[in-house]
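A, B, C and D are the chain letters, set down in written order, and residue numbers restart from 1 in every chain.
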Amino acid sequence: MANTFGHLYRVTTWGESHGGGVGAVVDGCPPRIPLAEKDLQPDLDRRRPGQSKIVTPRNEADRCEILSGVFGGKTLGTPISVWVRNQDARPEAYREMETMFRPSHADYTYQAKYGIRNWQGGGRTSARETIGRVIGGSIAKRMFGQLVPRLSVTTFVRQVGSVVARMEAGRVERSEVEANPVRWPDAKEAAQVVRLIERVRSEGDSLGGVVECVVRGCPVGLGEPVFDRLEADLAKGMMSLPASKGFEIGSGFSGVRMRGSEHNDEFFVQGKKVRTRTNRSGGVQGGISNGEEIVFRVAFKPVATISRSQKTVNSKGKAVELRARGRHDPCVLPRAVPMVEAMAFLVLADHYLRDRAQMGLSRK
Amino acid sequence: MANTFGHLYRVTTWGESHGGGVGAVVDGCPPRIPLAEKDLQPDLDRRRPGQSKIVTPRNEADRCEILSGVFGGKTLGTPISVWVRNQDARPEAYREMETMFRPSHADYTYQAKYGIRNWQGGGRTSARETIGRVIGGSIAKRMFGQLVPRLSVTTFVRQVGSVVARMEAGRVERSEVEANPVRWPDAKEAAQVVRLIERVRSEGDSLGGVVECVVRGCPVGLGEPVFDRLEADLAKGMMSLPASKGFEIGSGFSGVRMRGSEHNDEFFVQGKKVRTRTNRSGGVQGGISNGEEIVFRVAFKPVATISRSQKTVNSKGKAVELRARGRHDPCVLPRAVPMVEAMAFLVLADHYLRDRAQMGLSRK
Amino acid sequence: MANTFGHLYRVTTWGESHGGGVGAVVDGCPPRIPLAEKDLQPDLDRRRPGQSKIVTPRNEADRCEILSGVFGGKTLGTPISVWVRNQDARPEAYREMETMFRPSHADYTYQAKYGIRNWQGGGRTSARETIGRVIGGSIAKRMFGQLVPRLSVTTFVRQVGSVVARMEAGRVERSEVEANPVRWPDAKEAAQVVRLIERVRSEGDSLGGVVECVVRGCPVGLGEPVFDRLEADLAKGMMSLPASKGFEIGSGFSGVRMRGSEHNDEFFVQGKKVRTRTNRSGGVQGGISNGEEIVFRVAFKPVATISRSQKTVNSKGKAVELRARGRHDPCVLPRAVPMVEAMAFLVLADHYLRDRAQMGLSRK
Amino acid sequence: MANTFGHLYRVTTWGESHGGGVGAVVDGCPPRIPLAEKDLQPDLDRRRPGQSKIVTPRNEADRCEILSGVFGGKTLGTPISVWVRNQDARPEAYREMETMFRPSHADYTYQAKYGIRNWQGGGRTSARETIGRVIGGSIAKRMFGQLVPRLSVTTFVRQVGSVVARMEAGRVERSEVEANPVRWPDAKEAAQVVRLIERVRSEGDSLGGVVECVVRGCPVGLGEPVFDRLEADLAKGMMSLPASKGFEIGSGFSGVRMRGSEHNDEFFVQGKKVRTRTNRSGGVQGGISNGEEIVFRVAFKPVATISRSQKTVNSKGKAVELRARGRHDPCVLPRAVPMVEAMAFLVLADHYLRDRAQMGLSRK
């Protein structure tokens, strides 16, 4: 529980932003999957601070080291322990956090729950914690590369502040997304969004947005009724990410305005496959993948850390004024993309193994 | 997994819409909680079909029977098994489902995954499955009645089709909600919504909507970083409900349009309590309850079963025309209210016990 | 936890000896396994009281009813709920248990832990609880019947009091065992054991013993390092049975007297299979089945309920004299055989599905 | 599963004997428990090779490093990651293991299950894996030091080969045990056992034995019916240790020869406590601790690695002759003591938190 995700493909993460490091132990991964540190590093690089001018200038190299579970370049079927040593720690930059509760941060709730917290850089509540998730998701991606090579996950920023990307999910290409620093589906709009982010940063403020994710080539049959529906586990995974405030799949919140006759996805047969003409279901029906694209969106609130002065209270219950000094992102969205992708892979990997357990391989 | 929800307060549900019955086994409930069938029946009655003119006319009494775990009117600390015998089954009304895949239902995905399905009335995919959830949630409500009496959950319909209730969540009263058949926060608007539902039903069509839930009096400190954040488990619980397509907490999807300086919840001290002036966080910060109202919303798609003729395919891959004959809801929202409430209680109960395990009772 | 066993093949049991009934919910069973009540009844009959003159004369028919998870004679892949209604309850026969703590029973510990207990007939601590285990194990047996038909489990009584069966485990036949009321490997010795049991019963006393179990045809590769070794999960399953006090596999406690050079199982090749010449490992090496017979033993203490007068204390802390009036077994061993067998099937089924999840079916 | 032990106090271990290192992540530990590396090192030193002349001369310093979960000398309530870097690796010493299956080792079963294995020094099957267990158990010991200071665990070697210690469990003192290299209850007998071990080692052979464990001061009420009885979880923990072949609690296997009238533990009242005059139950009744000493024994087979030549087969199915060259223990028993103790603490810690979750703190 708590710091472990998944039942069969299990990721346990650990680590605070300040301290020895952060890492993950992946248990349950099938054996004989090719794996090396260089396979994980690109995903960690997509997550790390300092990767572009619109994210936090903290420069963390985030070099990972595989400590176990791999031998001769392949997974052993035993736990894969991977970690990243902490560097560039400047605890003094966070000294005010020792006593102050930053608004819309977890300082107060951690203190109230645990009676203690690592206040340096947010400790366990720092986004640095997501390194473990990215490690786990990246290994899952390698697993699918061997076992279901047709499966792909394309994740991009759909919205920043009030600016919404116009391109349909089905047409978004991963290469396009990764070619611009916002991870926006098209380059032209991206340039505008970069300017928006820079402007808001210069104002000492921050932005929120929406990440969208499209899973293509998912086998039919993943997901388990009734509690572990595929969309339920995706929702849990996404809502466990720092700063996420909402999740929707397929037609989502806007679909509630339709009538059933408009909303229903008509079945037809294409070749030997049962397909649907529309995809308001978002690739999942009755909690189980139906072979169409799985499409979902995750809302992220504007970053809580801002440079402007804010009123708050300290741990002694006194009213105080806070002005954050640490380096931070004006908009977490570009870096949220690899986090959403990692959680998607974790959910898919777990359900893939679960399906294989109960059903065998007769179907695929 | 799959049919079990929770780690410490655990509910395992079972049953198909047709067959012996449906039920739940609740494990982990503390001992000495007063409990009888009459405590559970009101919640089951709020869920059952035939309770008002705007829901399905199927008349299922849904009388529950407690088979174990209670002695002398109190829980024993052993598993509480409760069930409802199936009645009023008319499998012939569903004969077309034997071979046809109803659009936006789970017929196809179940058949593809399991190679077999109970096609009578939807089997395990029927909303009848939620009886087990309501049983589990209702027992959790009794538990809180003993252990945290100040905690209350108020759940209501925020939106049907394009009609949105205007009342703020903080002002909604449970008695008001339960006094009208739509479970709408105010009676006047409710009458209009009833008319809308009746009109759409007469057109052989269906409606979706949004349920909102407010938890008051929740202890500070529930929820566990990093994967089992309170909002993550709420999201999972809600997205595991039939027909749900979206979840948001606090400011949710609309909050992404704000700047950080607007969105942040300023702390202040009231008496001895740390409070926030706004509640865009929705009562949860860093995955842990902060003592404010927990406020979240769940989107439900329009009911997939409609009386109008629809194109689809059958299990042999032939294109066919389907016209549903079973009795069904034109709008699931009023009956979704007790389901959302049940899942909220399940999540809260589990996290309450988890918090008690790790922290002891020193704090409360 | 607690009342659920297994990770993928999961059995949740419920029920007290007095109350509505006892039962089990089996989740995770593969679909399309032929299953009917008549398949389960023989195993329940082997467990039930009143089956022969050497067990308790309580006559409980223990007729099971399948409530869900089966359709058209086959499993659906959804939870299988099975129960047995309680009958022949004579709570007045147990009136002294309301206040007295029976020696070497769970009356005191339940009262101390829960502050409440169903004292009628032992409640949840009654051996009647094992009905749920037998249901779960019997369904697992059917699963293997379809998926690994060569796998068989032979369970028998190795020892009663000081009398030890002489036959080697490898030569014991199930038909022979089930042909005598003690479930002893050979008929001649069995007659003597029957006389011993009858004599001890007439003295108002009771006997313990050892059950031995041999699994033949188990696939190579079941079991997972490091905590969920096959023998660890077998040990847990067996030590969770009422009255069990010890578990050993292969050479067990007597093997510790050997030197390594005597104890090691030499490998050789037979056809295409790697085999061992001896089997002190008991069919498991490094926690994983090696294809040899899995052989283990379980010690059961003498039945705690005896007709003789005993000194004890009551719930008010007063010294009292107790003379049990209920009907009870003088020796639980014959009825322990189907319980041990059920737990063996539960462990094997869970590990079979777990192996299938991580490894796929490439190997078998 | 698999590499994680416990539900609430959870230990996930990782690492092979050769590779980056071995370690553990402890999740669920209560916050504000004083903890530093120097607290863990003594237990690791009791486990490590090279600590005395009767164990393997491999000299592994096994210095641990805490990477997360501790701040200002106290636990944070977040995951505690601790590791030991691998040193003194001489993979060439194990070159024969690349192709040969060592008798009564896990080489064959790992190869058969996973299709790959780290053959250097046994990889994941090496006793080096138990470092993670000792770390987890040692942290649990610290937790009890704060929360239940009266609880103590005394573990010692009861038997080596055919030599059995005479002292009653109740009289064994931890200081006495730790004062001699065999961890034997009394010093005089210990000297003989040392000579036995040295003689067998000089013969190129190995010995087995029995470890006994006594838990004093355990709160009443730990353990959960029906599957997670305290003795069931102890059995699982112990039988998951490398080389263990048997587990018994209280009267164990020898108790089966008694009559019920001899075996039953008579209750009496001492002060305000309900006590038993004898302790054949071994401190657990109905799966729940009764406040008496918890006493259990674990059988360990003779070490499989011996210097003598042995017949076996290689991975190509050819008959070969094997003579082990690695440095190894002639008798694992002295080093098994801290392993047994660690598993005992893990089980107790988990059940302590579980009890606290369901029952609150009203009782203690």
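In this section, a contact is a pair of C-beta atoms (placed from the backbone, for glycine too) under 8 Å apart; a residue touches a chain by one contact, two chains touch by 3 or more.
Everything numeric in this text was worked out from a predicted model, so none of it was measured.
Visitor: Sort out for me whether B-D or C-D is joined by the greater number of C-beta contact pairs.
Guide: Higher contact count goes to C-D.
Visitor: Of all chains present, which has the mean Cα position farthest from that of subunit C?
Guide: A
Visitor: Between subunit B and subunit C, what distance separates the C-alpha centroids? Give it in angstrom.
Guide: Centre-to-centre distance between subunit B and subunit C: 39 Å.
Visitor: Report, in whole Å, the distance between the mean C-alpha point of subunit C and the mean C-alpha point of subunit D.
Guide: Roughly 26 Å separates the two chain centres.
Visitor: Quick check: how many Å separate the C-alpha centres of subunit B and subunit D?
Guide: 45
Visitor: Where in subunit B do residues touch two or more other chains at once?
Guide: Answer for subunit B, listing residues that touch two or more other chains: 1-4, 7-8, 13, 28, 31, 77-78, 113-115, 124, 225, 354, 359.
Visitor: List the residues on subunit B that touch subunit A in their complex, please.
Guide: Going through subunit B, the ones touching subunit A are 1-5, 7, 13, 101, 103-106, 108-110, 112-115, 124-125, 129, 159, 161-162, 200, 204-210, 220-221, 223-229, 231-240, 242, 244-253, 255-269, 272, 274, 276, 280-282, 284-290, 299-306, 308, 310-313, 317-319, 354-355, 359, 362-363.
Visitor: Contact residues on subunit A for subunit C in the complex?
Guide: 7-8, 28-31, 77-78, 147, 225, 353-354, 356-361
Visitor: Spell out the residues on subunit C that touch subunit B in their complex, using ranges where they run on.
Guide: Residues in contact with subunit B: 1-4, 7-8, 10, 12-16, 19-23, 25, 27-28, 31-32, 65-72, 74-81, 83, 113-118, 123-124.
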